[in-house]
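Following: one structure in structure tokens, then a few remarks.
As written, the chains take the letters A, B, C and D, and residue 1 is the first residue of each chain.
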Amino acid sequence: MAELITPPELNVQTWLNTENALSLETLRGKVVAVFAFQMLCPGCVQHSLPQANRVHALFNREDVTVIGLHTVFEHHKANTEEMLKAFMHENRITFPIGIDMPSVDGSPFPQTMSAYRMQGTPTLLLIDKQGYLRKHHFGHEQDLVLGTELASLIAE
Amino acid sequence: MAELITPPELNVQTWLNTENALSLETLRGKVVAVFAFQMLCPGCVQHSLPQANRVHALFNREDVTVIGLHTVFEHHKANTEEMLKAFMHENRITFPIGIDMPSVDGSPFPQTMSAYRMQGTPTLLLIDKQGYLRKHHFGHEQDLVLGTELASLIAE
Amino acid sequence: MAELITPPELNVQTWLNTENALSLETLRGKVVAVFAFQMLCPGCVQHSLPQANRVHALFNREDVTVIGLHTVFEHHKANTEEMLKAFMHENRITFPIGIDMPSVDGSPFPQTMSAYRMQGTPTLLLIDKQGYLRKHHFGHEQDLVLGTELASLIAE
Amino acid sequence: MAELITPPELNVQTWLNTENALSLETLRGKVVAVFAFQMLCPGCVQHSLPQANRVHALFNREDVTVIGLHTVFEHHKANTEEMLKAFMHENRITFPIGIDMPSVDGSPFPQTMSAYRMQGTPTLLLIDKQGYLRKHHFGHEQDLVLGTELASLIAE
């Protein structure tokens, strides 16, 4: 890898499923897997969030931190926090979820999504133990590939 | 069949995807397939609503009318009409959807759901051309079975 | 339907899972669903034969007769009767299977397959109660469509 | 891991898809993934062999060697080498396949299968770069788990 990228910090309006706000800064030393999603994105519901649940169930918390990032860029009024909480309950999501900070300039894209120049949802980010961004993937990633990458990052 | 059951009329607060309110009464002469669902019910999103879309795509409108009935009995505050419209858009639902009338007695179950004594979602109802209730099924039904039943009711 | 087609008779070398040889002639009065397959055709193993099992399980034997037709046109030496019996056991096939009669003119295509001008496997044939060919479909057919068609043919 | 196990050598009658016979001995330095299967085992065809194909496609040949081991313990007469070759062609298997050596004592179980005390098919073996057996799993393993394990063994 020619050059290591230090990614933007997560800019989160509200955290759910966690007592304390999370930040990439304080997670240094662990591999971080961020699953950016929207509740109304069928690919997220069918593929990405079940994968996030599998990763959260498989790895030791000391090795990998799973974060869901709710990056709403469509149907803003419909995506209430109330709905997100109910959605998390029904989809048995127990890892921390951050609601991406809405834009202040009228853009439909929330701030973390913009800072990472994400193209849509689902998007997967992997951040290594030193805090570098090692994967930025739009769309679904195969489990075999993701398992390999996570184990490689843990072993570094 | 020993005895034919005339089912309760649909009691709907708001209709979407249709210019006119629907009723079993005015649909006499057609087979009616009612798919009762909730947006946050994983079995509805993964199995029942895709099946409703297939039925709606396959059959002649003169033969079969597909209706989605949004029977919210959990997470009432989250299930806004705004969210339902966005959900229908993202899940490409083009058949009529009725929002079941909320109870007035403090019950979590809406009125049509109660009148039919539905046990949960998804629930499938088939009403024949004469207006009799011929199937009341809690859970997912196989496509092969449903196709057979619809064709039999059309042929009557 | 402009014109009704009387299909060629099945030309079978060996019947399995049945005491008596079957023929379209003697099955007059029932709907017949013929699933042409090869053991080594992945689409047959994954989609067509499981569907044949579902049809065989769902319908009354007086209404629908399910027949598997082993139409080997590739890997002839590998497709032994011994293997077919083991395959049927492992895939829990309990409906009658006919081994299509090999060609006598050196063609790789067996005789029933040639007579019907089948393009490959899986192929589905539906024959109505009067013995007319009502469906000839190359590839997998949806369960919803097949259920509808079978019920319509039964109701005629 | 309390104690490292040096596994029995593969005892193979015939190798396919490889010019030279393979042995765990000569593969020292690479991680070896052995997928024991039977052509007529539905779980092997649907889950295990497609996974073996994915592993073979994903990893560098210098890191991981994928081997299919045809461990026939049922339907011996049906499982001819001719059929296996046709099966490999139709299922697009390009990694080396070894036909497990039949028993000489009348046991239905072939010799490698017996030496490893495998309980059935599919069975997955992982051998590390030093030649130790690190995983012996009866049934299907999740892709996420397998990816993690392979990457960990490569990183050792």
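In this text, contacts are C-beta pairs under 8 Å (C-beta built on N, C-alpha and C of every residue); 3 or more make two chains touch, one makes a residue touch a chain.
The shown structure was predicted, so the numbers you read here are calculated from the model rather than taken from an experiment.
Each step here moves to a touching chain, and the least such steps from subunit A to subunit C number 2.
Set against the C-alpha centre of subunit C, every other chain centre is closer than that of A. Rounded to whole angstrom, the centroid-to-centroid distance between subunit A and subunit D, based on C-alpha atoms, equals 36 Å. The residues of subunit A never reach two or more other chains; the list is empty.
If the chains shown are joined wherever they touch, the resulting network closes on itself as one ring, and no chain has more or fewer than two partners. Applying the touch criterion to all chain pairs gives A-B, A-D, B-C, C-D. Across the complex, subunit B meets subunit A through its residues 40-42, 45-46, 74-75, 77-80, 82-83, 85-87, 89-91. Within the complex formed with subunit C, the residues of subunit B that make contact are 51, 54-55, 58-59, 142-152, 154-155.
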